[in-house]
Amino acid sequence: MMKKICVLTSGGDSPGMNACIRAVARTAIYNGIEMEGAVGGFSGLVRGDFVPLDSRSVSNIIQRGGTILKAGRCKEFHRIRQRKIAYSNMDKQGIDGVVVIGGDGSFRGAHQMTLEHRVPVVGIPGTIDNDIYGSDTIGFDTAINTALSSIDKIKDTSISHGLPFFIEVMGRHSGFIALETSIAGGAEAALLPEVLHDLETVKNTVVECKKNGKMSIMVVVAEGNESGGAKAAGERIKRATGIDYRTCVLGHTQRGGSPTAKDRVLASRLGYRAVNELMRGTTDMMIGELNENPTLVPLKEAWSRKKEISVQDLEMVKVFSI
Amino acid sequence: MMKKICVLTSGGDSPGMNACIRAVARTAIYNGIEMEGAVGGFSGLVRGDFVPLDSRSVSNIIQRGGTILKAGRCKEFHRIRQRKIAYSNMDKQGIDGVVVIGGDGSFRGAHQMTLEHRVPVVGIPGTIDNDIYGSDTIGFDTAINTALSSIDKIKDTSISHGLPFFIEVMGRHSGFIALETSIAGGAEAALLPEVLHDLETVKNTVVECKKNGKMSIMVVVAEGNESGGAKAAGERIKRATGIDYRTCVLGHTQRGGSPTAKDRVLASRLGYRAVNELMRGTTDMMIGELNENPTLVPLKEAWSRKKEISVQDLEMVKVFSI
Amino acid sequence: MMKKICVLTSGGDSPGMNACIRAVARTAIYNGIEMEGAVGGFSGLVRGDFVPLDSRSVSNIIQRGGTILKAGRCKEFHRIRQRKIAYSNMDKQGIDGVVVIGGDGSFRGAHQMTLEHRVPVVGIPGTIDNDIYGSDTIGFDTAINTALSSIDKIKDTSISHGLPFFIEVMGRHSGFIALETSIAGGAEAALLPEVLHDLETVKNTVVECKKNGKMSIMVVVAEGNESGGAKAAGERIKRATGIDYRTCVLGHTQRGGSPTAKDRVLASRLGYRAVNELMRGTTDMMIGELNENPTLVPLKEAWSRKKEISVQDLEMVKVFSI
Amino acid sequence: MMKKICVLTSGGDSPGMNACIRAVARTAIYNGIEMEGAVGGFSGLVRGDFVPLDSRSVSNIIQRGGTILKAGRCKEFHRIRQRKIAYSNMDKQGIDGVVVIGGDGSFRGAHQMTLEHRVPVVGIPGTIDNDIYGSDTIGFDTAINTALSSIDKIKDTSISHGLPFFIEVMGRHSGFIALETSIAGGAEAALLPEVLHDLETVKNTVVECKKNGKMSIMVVVAEGNESGGAKAAGERIKRATGIDYRTCVLGHTQRGGSPTAKDRVLASRLGYRAVNELMRGTTDMMIGELNENPTLVPLKEAWSRKKEISVQDLEMVKVFSI
């Protein structure tokens, strides 16, 4: 029978991680299991930096951005010697189950643990990028709403001055944030990492919109698009068309903030299920939820398979730009 | 071939209706179809109150709450004589397709039209209550985030003063708003229309929480719960336990406001699909989306079948209250 | 020389109290003075419930609603015997200066202390009602912005349905919240505690607005207006005119939430000045700021004199209602 | 007697301009004066692009960012020939009074008009920078709250990862936004245009904070600080200390969005007074309000005199950084 579970948050922080820590801790405690939090992600395991969590430790955090357990990338964990120290620290604490909240890099670490150490480990997808196969991710809904609120504000200025804006959002390898915010923000075009050679099309859209007397023109650019970002894209289109523009890079504001209802509910459900799965011996799996349906995906699959963007959504951006 | 589509919003307004009107109008215009809006819902058809919509008419509305076409319940439409006037008005305008955005009452009206008039009619679920079978509804995500923002604020006071709060949210016949906001708000208990005889359980939870020294105690009450609302529930528990309390009725604030990303995307997709479905002759159907999957549900089914709340979600509220 | 200061928050909580606690604590520590917080207001003094505050104790709270020191009204403090216990507890802790953050009731307690105990005591105005003579109050700006955000949402529904709304805001004895939010929300009329026999005027305004085809009609009602609140006012006007209406009581949501920039800056300045004033021996005074100008007001004056509402502002509501 | 007033918004847009247009229009109409809006600022006068405004034209805009009359800088207005066309257009419209809402550049244009054309002209300060002598400016309060909301989000990440952030806010020549947001955001330091050679001090603060184990380190940088912005400042401190950092440039998001209560009230009062002043013949003056007190400042003084930042506020940032 499981006696003590350790939870950690790893990689970039995302809104809802605290809601998830709370759900993991309270579900465990409700089932008579003790809880520890490792501070600073995997590096907390290596340094033996644990904090005991009781029910009150996670009070009043469900609405907070960031993570009370700190997060971070952990290079030491790539070396077997450091990992062995981590396992030894975990044994000393009597930890017989681990919940890792994070993105693909964190899942690699979690998977590695299952190969080398005897305790069950499950992953929960926490990343604003939504780029995990087989699940929605904690933080994505908040990130797009934060970005959207900025885009709405920029639209006010774009309309008042008749100036096109190129707005850069997060997404190095995936265009989910860019695509959803361009639909929701009423942007005229989106430049995604997944679509190649799209600058020409976007240029034509901008020219067309200008001609049609659109009140505002906005292009949402994922940072990972081949054009090289908002500034580069705007500049190249200006050179080709003479149309002046402004840029705005939303940056790290997209990572923080109080999580939305959806992210809190998702985080709560995944935390609840993670403990229940650990209790029945599940290991090396991601506890996911795709479109409100519970999923259980091998960790390896979660980071190695590609989640596709919707072709219809991209088509809609074009149709609505008229 | 379809030449002119009419769109109307009916019943209570919900955030995202404007995003949906925009999507319907631009998709139609993109496909060479003319657009009219009926003002004030079905009563606009009866009064012959139409406004032509071009692409610019729906500029800069995607982020606005309410509905530019006005909404409202229409009693006249219950009488055949008034409906015949409506059909005649529609014929004069050359309308050969109708999109009705609204809730169950609106779908009844739309269905009635398909029985008596020759043009195809489709429905789009727009209501904050999420009580439509076979689809998520436009406005629900905004409503729960609005309610949540109030609950977060009340939590500050509940913690600062150590006073339990009974918070009343919308939901006459369905507990979706209450259930989601109680999970997301970290409430200790929820009173739903779907669950009978739950006041005793909630009373015990409140007593238990008080004993456990919880920082705050909050009970979310759907207006349709058998207890009779927040005031009645709080009073009955006070009488039984002596525990003092405060109430807050969130009321109409839950209907308005700028729609969330999710509601705007949902509204855009449903509007886009509605026009495409009309073009291929679909009628008497609701254009829906359930958990990101497109659905097509007979209008009658949409209002007559019951959408169930999640038992696991309700269990989670209990577990997290420790 | 001052060695140890005690800070407490008292009365109803208001957004910005945490920012003020932080400012008091850090200014004291910066000047080599130790800090204690009394938990739960004056009752913390009576119970001897103190927490030492170092610089890290007040980290990451500037943006939080509520108060980390808890607040509350303290009836025991009305009795001399309890107060003597409080003074004795303070002496045991070595407290030689006190900062009381709260409203008029709290200032009475603070003033009483200066009469009976030898340590200097200053007050800082923290209340959402803005009803303190000689100073703006911490929490007022947040409260009106919170109320405004609700009023904006209600406006969406009022416009969509053509229904007048009577919206009740806080303010038992003063109409500052009602007056500012009715201007900022674009309401057609305001009912304040300070103005008698105004229901007739408001009735005429509502009738006039209806006749003029206003898109929305909103009346903001302070809870302390002689009409008896939103429901009573709406009902009486309906009876006289037949005009149907809806109500919304904003309630406790107005007390909580993350403080605005203005409230955080005000709280920071007042906390900073309070410690500096204590260091120079000031006592029995409120540390205030009126329209960005520092003020220093005898505590007694602060609660006994009446702050007046602006006649021009009230006139403006009328002019803008056309 | 005044018969027709023209209102225009000029320069960069700022939140609250719409509230001000509404106030000007309704106050004029209430007093029996006709209203015209010039579209696109001064260029609207030159192009003869006027829109008549009645009471309904300004419905439902008080809460909107941007400006329904469009804004923009107008180079043509620097040439006498273009200005004469403008005056002629104004005469044709029968305009005998002008309200110019904007910043210093707009006030120069307004002042020039008073020298060359016989109608009275008054200015209203609308700019997010707050850099107008003798008045608060419409849009400043919204801008700092918008920036603050981003800073709060960045703080979540800064705390979770232990990384210092350099955050760039608007302010080419004045540090009001940077100073207020650094106090309100709890930033450890501010770099302003008004303070020279401050990078060394800030470097020491960052080193000190790192040593003291602060949960987060944030430096707010006004774009006009001599360091050259957030990136440049962060880089130079990194080179000197080895401390890694992140940057975020808030950019144009600060210009838009729904205005705060304070900005709407300020805009309403200034618009109301502007019309009343024009009616009594006032010209060549800015209608201002400084800390809630009405002011009347010669236009020339408004743009040529320097508004000073508060030394005490800057000192507070230092004290609170411990």
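Structural remarks
Order of writing sets the labels: A, B, C and D. Residues in every chain begin at 1.
One rule holds for everything that comes next: a contact is a pair of C-beta atoms (placed from the backbone, for glycine too) under 8 Å apart; a residue touches a chain by one contact, two chains touch by 3 or more.
In this text, all values refer to a predicted model and were calculated from it rather than measured experimentally.
Both subunit A and subunit D are touched by no common chain. Across the assembly, the mean Cα position most removed from that of subunit A is the one of C.
Separation between the centroids of subunit A and subunit C, computed from CA atoms only, is 39 Å.
We define each chain's centre as the mean of its Cα atoms; on that basis subunit C and subunit D are separated by 28 Å.
For subunit A, the set of residues that touch two or more other chains comprises 152, 155, 159. Residues 19, 22-23, 26-27, 29-30, 55-56, 59-60, 62-63, 141, 144-145, 148, 152, 155, 159, 180-181, 183-186, 212-216, 258, 260-262, 264-265, 268-269, 272, 291-293, 312-313, 316, 319-320, 322 of subunit A are the ones that touch subunit B when the two sit in their complex.
Subunit D makes touch with subunit A in their complex at residues 9, 12-13, 15, 64-67, 70-72, 146, 149-150, 152-157, 159-162, 165, 246-257.
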